[in-house]
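So the structure is just underneath, and the comments pick up after that.
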Amino acid sequence: MSAIPEVKPAKSYKPRSRDVIAARVAADIPEGAYVNLGIGLPVMVGNHLPPGKEIFLHSENGILGMGPAPTKGEEDWDLINAGKQPVTLLTGGSYFHHADSFSMMRGGHLDICVLGAFQVSVTGDLANWHTGAPDAIPAVGGAMDLAVGAKKVYVMMEHLTKTGESKLVKACTYPLTGVGVVSRVYTDLATIDITPEGLAAVDIVEGLSIEELSRLTGLPVRAPK
Amino acid sequence: MSAIPEVKPAKSYKPRSRDVIAARVAADIPEGAYVNLGIGLPVMVGNHLPPGKEIFLHSENGILGMGPAPTKGEEDWDLINAGKQPVTLLTGGSYFHHADSFSMMRGGHLDICVLGAFQVSVTGDLANWHTGAPDAIPAVGGAMDLAVGAKKVYVMMEHLTKTGESKLVKACTYPLTGVGVVSRVYTDLATIDITPEGLAAVDIVEGLSIEELSRLTGLPVRAPK
Amino acid sequence: MINKIVNSIAESLADVKDGSTVLIGGFGGAGMPNELIDGLIAQGARELTVVNNNAGNGEVGLAALLREGRVRKLICSFPRQADAHHFESLYRAGKVELELVPQGNLAERMRAAGAGIGAFFCPTAYGTDLAKGKETREINGKHYVLEYPIHGDVALIKAEKGDRWGNLVYHKAARNFGPVIAAAAKCAVAQVYETVDLGNLDPENIVTPGIFVQRVVKVAREQALKEAA
Amino acid sequence: MINKIVNSIAESLADVKDGSTVLIGGFGGAGMPNELIDGLIAQGARELTVVNNNAGNGEVGLAALLREGRVRKLICSFPRQADAHHFESLYRAGKVELELVPQGNLAERMRAAGAGIGAFFCPTAYGTDLAKGKETREINGKHYVLEYPIHGDVALIKAEKGDRWGNLVYHKAARNFGPVIAAAAKCAVAQVYETVDLGNLDPENIVTPGIFVQRVVKVAREQALKEAA
């Protein structure tokens, strides 16, 4: 029997880069919004906020109206963000203590927070603080406070793990950060709303079909309207 | 039968004036104490604080380091005390909001508060906010917060009602402000500690015996040591 | 550009609905937003639940709002005052409901609303009539009463200066409930004597950050009103 | 005359006892009172329960206190950091206990301690491992976890300026936990870069009123230390 070589179909789409995802998130942030960008990937959203719009960045350590990184040599180590990197303050910004800062979160005063994630479930459960590995040093920071507090919780993450498993899951296997808190997920493959009826794509990268997206996700995803 | 006229014994003592009571309270306030003087009678204590000692007066409406009344014409109606009378701020004083102000009370940061009272019980129950009259407009202000919060609650009051009944009682008949909160009572007749063993006089006005004080109080009062 | 400064008191209160809970700052006359309350009277909203430390003084502000019959319920710590006669008549006539709350609980319950706390155990009023019917608990040998947040639809605040982002500073003890009610209400409206450029308020000294404030409106300084209050 | 300014760090910490709960301000290096922590190491107190947002960085401050084996238990929100190796080794060796607390709960639990609140229902961490075994309650359709105050015996604070009555102001985001832990501890000690005369701090702008502060001690400004932190 002569073997007919199996032809693997060429990938018909290109995943979005992190910068493109960040820009996509930024496009959903309206002028005047009070926004907290979580440490890690979400910080990149700050680089894509349209310069013409006034958007208020909150930092958990007591800053409202956070500005971009200072120029080299101008760092003030008393003015850092949640990731402990030096930042600046916009004209009109303010400082306050930690209890007030978390009142802003928990009290529902933030319009949007953007968080990274290990997993997000179809019901909006978020897992982003602990891999569950028994030898890991656990660390939670402000993630659980943000998850329950912000009016909208957006997640920014790779769609698949390095081993190809979907990070959008039926039920999180990693320890939870919050229950039913995520509104929308931005990945390198699509923007997906968490709705009471399941996952609903808002947009998909060019060349990726809704069927293939659903297959990769391991869950049904409704096509964009 | 010829009547022998009954001779009423001359009162052998003179009750203390309000100013003398206030001065007596003031003498118990050590330098550096944080003190709240309730509205009414206790305000008079402020006039008797020794000028050489630094004592910090707190006002529930967000003032620490309250000073005396301003001179006529210098009133600022944004700087008033709990009784809504114009006051001043000492150099070194500060302003803060109501939640912080009551944290100072409830959190046990005030050393002493001085309150007026309708009744105080032998177990330190305080009744000072409501006569219980069904047609009275009830009003409580900060009295209940002060009663549970200050490290020491001192009461300044007349010993007897206008009809001659003791305001120190076995159990309050007026509605309570706080349960087991009063440490010491200053009256026109005596200074009396509320102790686990009952009432214990600290001092008595000249000419009044401990027996007569007990009789007037309707309760046993131990003699001063 | 975000500009929370509105041009008139009427505009700042245009959408207040009948039946709203209105948190009003001030302790006695200090920090009492009389101009905003006058605006609320003109606006016409009825059946209001009003939260304020007192029950109005004389004929202005909250006293006038009560007089006009707009208040269904008052949540308050100290309604008894020589010049609170409008409240007194309405209360005696059964035309206004009163929820009497110790002053610190008033502040802390609104603080809880702003901070997203569901309820808290508070020692104040334990064993008194004002805790009757409430859940209690002994914690570490001390007795507490469970208290719930007071959320507002609208907060009316008197501040000294404000900028277009809603940052506020106050004047002396007129600060009182202002920062607390700003965070506790869906829509916080602040009257100020001065609107200032962004950056004019030192970021270290801003008392109420703009996130808690939705509208700022400038009013003229009326010394007479202040003294009457 | 009341003078809370003490002459040396040694004097400011002389009475810290073994087994104390020490609340330490700072978020990362900002607001971290390294000089006071060095003083605590020199003072020698052991078996401490330390509350701080992090678990020390590099070799200074809290990291050094951990390295010296003085900490029995750490209450903390984010102990995992590249340069928190002293904590990491001790933790892996079972030589330090960790209570992991969401950052906002850390702040609010200390705020509750300072405000005399017995416990509070908080939505944070509901349904997660960090709420396991804790009492929960549904209030108005939302789920809450009951949280208890964290009281301190001592608070170590880094502020910018202080006066002899203990009034403090901070510098930018170094404020973070400072005002909260001052109120939560029996004895709050503040290191400042400047001690100022009474009246130098504007009463409108004092961030921590002196009632919450027991001792103030001046330290030299060490730019190097700040950057290392």
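Lettered A, B, C and D in written order, each chain numbered from 1.
We adopt the following convention: a contact is a pair of C-beta atoms (placed from the backbone, for glycine too) under 8 Å apart; a residue touches a chain by one contact, two chains touch by 3 or more.
Just so it is clear, the model here is predicted, and its values are computed rather than measured.
Of all chains, the one whose Cα centroid sits at the greatest distance from that of chain A is B. Centre-to-centre, using mean CA coordinates, chain A is 30 Å away from chain D.
Each chain gets one centre point, the mean of its Cα atoms, and the points for chain A and chain C are 37 Å apart. Multi-chain contact residues of chain C (touching two or more other chains): 108, 115-117, 122-123, 170-172, 203-204, 207.
Chain A has residues 89, 95-96, 99, 102, 105-106, 148-149 in contact with two or more other chains.
Chain pairs that touch one another, listed by label: A-C, A-D, B-C, B-D, C-D. Those residues of chain C lying in contact with chain D across their complex are 108, 112, 115-123, 137, 139-140, 142, 144, 148, 169-172, 202-205, 207.
Those residues of chain D lying in contact with chain B across their complex are 1-2, 113-117, 163-165, 167, 183, 198-199, 201, 203-204, 206, 209-212.
Residues 59-63, 76-80, 84, 89, 95-99, 101-102, 105-106, 130, 135-145, 148-149, 175-179 of chain B are the ones that touch chain C when the two sit in their complex. Interface residues of chain C facing chain B in the complex, by the touch rule stated above, are 27-31, 77-81, 84, 87-88, 91-92, 98, 100-108, 110-111, 122-130, 143, 170-180, 207, 226-227, 229. The touching residues of chain B, when paired with chain D in their complex, are 31-32, 34, 54, 56, 58, 64-65, 89, 91-96, 99-100, 102-110, 148-149.
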